[in-house]
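What follows is chain A paired twice: with chain B in the first complex and chain C in the second.
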Partner chain A sequence: MKRLDRRRWPGDALWTWLCAGCVALSLFMLITLLTLLVARGLGHFWPAPLEALTLHSGEQVIGQPVREAPLPHGAGSERLYFTGNRELNGADWRWVALDDIAAVNEPEDAIRLERSPWGDVTGRLAALEVEGERLTGAPARARLQSLLALPAGQRPRGELVLTTAQGSPLVQPLATITAFQAPNALSTLEKAGVWGQGVWRFLSEGPRAANTGGGVWPAIFGTLLMVIVMSVIVTPFGVLAAIYLNEIAHQNRLTRLVRIGVRNLAGVPSIVYGVFGLGVFVYGIGGSIDTWFFDEALPSPTFGTGGLLWASLTLALLTLPVVIVATEEGLARIPDAQREGALALGATRLEMLTRVVLPMATPAMLTGVILAVARAAGEVAPLMLVGVAKLAPQMPLDGEFPYLHLERKFMHLGYHLFDTAFHGDDVEAAIPLVYATALLLVLIVLVLNLTAIFLRHHLRRQQGGSWSRS
Partner chain B sequence: MVAFLNDEPAPVMTFPAGERCLSVRDFSLAYGDKPALKALTLEVPRHRVTAFIGPSGCGKSTLLRSFNRLHDLNESAVHQGRIELEGRDIFARDLNVSELRRRVGMVFQSPNPFPMSIYENVAFGLRLERRLPKRKRDDIIEWALRSAALWDEVKDRLHRSAWQLSGGQQQRLVIARTLAVKPDVLLLDEPASALDPISTLKIEELIRNLKNELTLVLVTHNMQQAARVSDYTAFLQQGELVEYGPTDQVFTNPKRQRTENYITGRVI
Partner chain C sequence: MTRPALPARTPWRQLQDRIATGLITAAGIGVLLAILAIGVFLFWETLPLLTRFETLSLERLSPLAWGTLKAAIAALVVALPLALGGAIYSALFMSERLRARIKPILELMEAVPGVVVGFVAGLVLAPWVERHLASALALVVWLPLCAVLAGLLWHATPARLRGWLPLGRAGLWLLPWMAAMAVLALWAAPMIEQRWLGDDLVTLLDRRFGLDYTTRNTLIVGLAMGFAVIPGVYSLAEDALHDVPRSLMEGAQALGASRWQALWKVALPMAGPGIFSAAMIGAGRAVGETMIVLMASSNAALISLSPFEGLRSFSAAIAIELPEAPPGGLTYHLLILAALVLFLFTFLVNTLAETVRQRLRRRYRSGGGR
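Right after this comes the complex of A and B.
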């Protein structure tokens, strides 16, 4: 008789631990990614204290600490400060070895100004001279705050006098100042307000300083508009193709071949679609449109160069398989009994499709479209060939007839991220913006996916429960 | 082997022309090269319940689905011969299949209400036809639900999802949905096989009541059910009509050995 306590190796427990371990590892990496993006991206907008340093050499430095790094050969570590005053110091940033610091304090009147041109300034607020008045200290800060709330054109003439770290006065005309902060004088609640403002300005303003400063609004807008135009193109094509493949075509070898082909299209590298879009849409079709309709504008191209339309078309092609596959899976899940039930009541095939099958497949279709949108929102490579711009001078949608300018170049979050990270002059300024933009992209895709899940769930419930799981 | 001992030709059961609803003449059907029905000839009388019985795969469902040409959906199905509805060839070139299916309604083995409200399910066939005034449509829907003995159970929740009903209620809803377009014939493909005994009894009672208004053809595995509700019974085996006659006679005094073996459970 076999022993009842005999065990085979490896046991069930080992497998359980192995599988659970993989899940735990994936979750850990995902959480690390999100934490990093949130901390670096959102932390950037929190006003750091402005420190006034006295070095052993006697030199004075005013700046916001950013990060620390160890010095080579165990010589302690150094700290990076944002000092601004590019025109005086030659750079906005300064590394200070911790051992060199003799004293640190955080004076209340230390402020940081955002101005154009020349980037940011730090210093101590000496006086605000406006409309014949000369204000100092807290009243000056309050007045400056209210003045900056006005549009640039309506501000009274005036000047702000700063004392730089070196002790020399710096006179800044009010008209050149775009924002200011005096973080040392703020309570935590006020800092939170400044943080909220910073986040809002990041979302609502255009980029400055070659994409290493300012906001990303044109990129958000361009991404959304491109994705909408793409959905308008891809949805009817994908849904009709799926209906043909699943409901109308004879299920023979050719249909299966087409289906396999469609599924494989989803795996083609996206840059290949970019090359196709450039060759066929931009040069081929766009070039022809130019010679036929925009003859007078040649040789400068109208449609014969990358633009919103061509980018949308290229991404529509790229995401077509996603929509087809999702819709087809939705159609295949509908029991034949439903189709036969409709036909047996005298419905024609078109009536059967539009009244029974398509409503039941709507959740799947929506899922497909939203997955396509999520994919397109994060795609960069093909866009670089067919119409994305580092800095688009005009929005593709404006008040000028015909309102939607399909031929214009546009900005895109993914490309903006790439450009900020690798093509800026000021790397230190770009880093936090890269994290913030990345976080924004992740959030957009996350929201889109959640919408897909919610819509599917909602529609299923509306139809009275699920006829199949998943 | 017993089946071959008496292999006399199948007794032909005929009805006067005025009582004939469906008539099948030398009708054969094959799926690809697999024959399903072999030169069947039979007549279905008007306003009676006719049951088709036989072992699985004998072709009884195929025959039923031929009456409303639902087998058209199967690309490999090829047929020969003739089926007439009230004297009209249902395979005629100028016949509108949708019209045929409205006159020959069908109820399937497992209930298949659409994912809509109870009201919309019954209104489905009506909406296909023409725009009816709402009051008229409501009347027809109430009539159909009453005819299917479902009205009292659902009258307070007509706009709730049909999928919240029990299996038996769903099947009666499907019957109501079919009755709403006022068909001449109702085909029932094992309508109670997925239901509990109480629901089955309700469906059977419904079938007996409905024959006053239309012709019913019932496919069933359950011989007691065939004996309980049908007026005539046809026994099919391997695509052939073995015996067809009044139900009492088929079950108590079968003419052929194969029928007797089947109904007494000796040979399947």
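Right after this comes the complex of A and C.
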């Protein structure tokens, strides 16, 4: 035995190890991707310290360190700082070579403001002048915090005086400030609070400053609404088609071909569905609706351009095979004895279907719909053709009659990510938000998929035990 | 008089049943027709091209066709070895308990949206690879060597210690080993680059061979799309290998074959069609993927063989150009022709794969005899 082992040793075993390495490497890639998203996506909201630098040239800089990169030709490395003060410095970012830095400290009164016109400001808090009072230091920060909780209209008139890194004063009216951070004065617990607030603002606010700041709420809302409209369309049709294929149509060569065809449509690239949606729904049907009903608005199109309805319809078509296949799988698992029993007791086919077969197939249908929703939530390519917008001025659901505006364009998490990352003006500012958006999207899709997996697993175990066909 | 417990089949119930059956049939056939309409629409909209055939069209489409092909080949070069190797290991060597956990995880990889993979590839991986090209290439060679090295070390350790790190769980405990080796390679590669090449590899490629280096190039597309294609191929190939009747493998091993020989001579020929169909489905996915190609490549319509240059595929061209193309124009029809090509290709490939798979399933059911 031992001799045999030695003889085959190299050729055999090493290939096996190479194969094991393949599994490890695939897992490694997945874990790296997820870790990267979690670390960068959530880390962004943790308040970074504001450093006050003194350079060898005597220049002062205040900023938040972002990342480091090596300089060419092995000349050490440089660090990117967010400095803000666009109107004074001409840019929000500054690269500083590490060798140029003479001293670094983290002053407690360093502060970063978010303003509504212009970008962010960094500096040292000199004083808060409000209602004739002049506050400095920690009381000023506490007062500012309570003032910013009020809406901009109800705040008392007042001004915030900052000292910029260069030493010149900068006066900022209270009404223009939206938020502030004094990270150096915070304890770890307070930082955690700020972090939680940051995450919440990201989820609940709209984008600011050409999508480089603020939150993604309109995109979350648009994605949700699109997915809901899509499920409303795809569920009945997918289920009916599956019932037809499995319960009503004669099982012959043709049904088998159709089944293969449906299965294969799940593999057709999503962009092809987008082309179909653009050509048929938008230009064809939408164009006709415009000429018939919205004649007065032409040539500006109402339904003849991309919108929520067309996007939902396109994605419904795209996910139809998913629902059909999952439902059919559930129907095929139900033993014929159940159907024959119902019919033998005098039920019509409709009663047999609605009272016996469908209740048993419900979890399978649900699995199908969840998988369809997961697929639709992550799909971007077809949406680019049929109605997604970079920045939708109006939500597709509001208080105006008819409340749900199916013709409006909408924002979508996936497209928001693509657009912010590749078409933004200030990519450096947008990247952290893009990470956060990517993390959110991955979480949504993974949670949906896991739900479907558990549902299916549960279903198989339950049915395998009680009334398996074989 | 006793009445039956159930009401008799009244005409009203019969009618209800008729109507419902009719509605279901109508809806079912309607849905199937709607699906068929995709193909019909694409055909119909490309017909005008026949009447106004211009040489221009061929000139505009051929770089796109080449880009599509190049991206798909790059993705398959990355994905096929990893997916098939992983499938072989987890179907035949991995412990059943671990397999039940690892397989769903790897299948979940497929759920990661393309736009996220594309973003990480285009904005994180691409700039990193440009700065560390030598390290990245070194990793590609070094990591498989590390797996083999782990095997050599494993065989050299005494059997008592081997029990702690069984082969059946190697897929998991190789993970920290590979990570450590990757860190080692990243630390050593720049020094070796300086010592042996004397300069940055990107500059060297340009000076010595005249190769341009684009940040977002075919290499990046291959890596990113490979990541997206792995799970699909892995899952199908693994199913095919795992379903090979145990009796055949055990018979071969009883006759003196090693596990690897049994795999090579029995399992692979048996599962060959299944593996082929897995590869086909991977190819279909790679050809049609849009967001990854769009974000990880430079989208320049070039015909070049260099893996360090960008490309533009059919799907990316459709996504970029179609919203701006006026309906009825030449560009519009050309792009729809591109969509038709994608549709036909993936449909044919998937049908082929599905047919092969069904035949294979029948063969397994009949116990393995041909």
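Going forward, the second predicted complex is superposed on the first by the 423 of 470 C-alpha atoms of A that agree within 3 Å, B and C clash if a C-alpha of one lies under 4 Å from a C-alpha of the other, contacts with A are read in each partner's own complex, and residues count from 1 in each chain.
Please note the rule applied: contacts are C-beta pairs under 8 Å (C-beta built on N, C-alpha and C of every residue); 3 or more make two chains touch, one makes a residue touch a chain.
Every value quoted in this text rests on a predicted model; they were computed, and no experiment measured them.
**Q** Is it chain B or chain C that touches the larger share of residues in chain A?
**A** Of chain B and chain C, more residues of chain A lie in contact with C.
**Q** According to the stated criteria, A:Ala342 is in contact with first (chain B), second (chain C), both, or neither; which is it?
**A** The first partner, chain B, only.
**Q** Who does A:Arg355 touch here: chain B (first), chain C (second), both, or neither?
**A** After superposing on A, A:Arg355 lies in contact with chain B but is clear of chain C.
**Q** Figure out whether A:Ser26 sits in contact with chain B (first) or chain C (second), or with both, or with neither.
**A** Touch partner of A:Ser26: chain C, not chain B.
**Q** Applying the document's definition of touch, where does A:Pro301 land relative to chain B and chain C: first, second, both, or neither?
**A** neither
**Q** Once the shared chain is lined up, is A:Gly387 touching chain B (first), chain C (second), both, or neither of them?
**A** It touches nothing on chain B or chain C.
**Q** Give me the intersection of chain A's contacts with chain B and its contacts with chain C, in residue numbers.
**A** Common interface on chain A, chain B vs chain C: 345-346, 348, 351.
**Q** Which residues of chain A touch chain C in the complex?
**A** 8-9, 11-31, 33, 36-37, 70, 236-238, 240-241, 243-245, 248-249, 258, 260-265, 267-276, 278-280, 283, 306, 317, 320-321, 324, 345-346, 348-351, 353, 374, 377-381, 384-385, 414-415, 417-418, 421-422, 427, 431, 434, 438, 441-442, 445-446, 449-450, 453
**Q** How about chain A: which of its residues touch chain B in the complex?
**A** Per the stated touch rule, the residues are 250, 335, 337-348, 351, 355-356, 359-360, 463-465, 467.
**Q** Under the definition above, what is the set of chain B residues touching chain A in their complex?
**A** 68, 70, 73, 75, 98-99, 101-102, 105-106, 108, 110, 112-116, 124-125, 128-129, 161-164, 174, 177-178, 181
**Q** Using the touch definition from the top, list the residues of chain C that touch chain A in their complex.
**A** Within the complex, chain C contacts chain A at residues 6, 8-9, 13-14, 16-17, 20-21, 23-25, 27-32, 34-35, 37-38, 41-42, 45, 81-86, 88-90, 93-94, 102, 104-106, 108-109, 111-120, 122-124, 131, 143-144, 146-148, 150-152, 154-155, 167, 170-172, 174-175, 177-179, 182, 227, 230, 234, 258-261, 281, 284-285, 287-291, 294-295, 315, 318-319, 322-323, 327, 335-336, 339, 342-343, 346-347, 349-351, 354-355.
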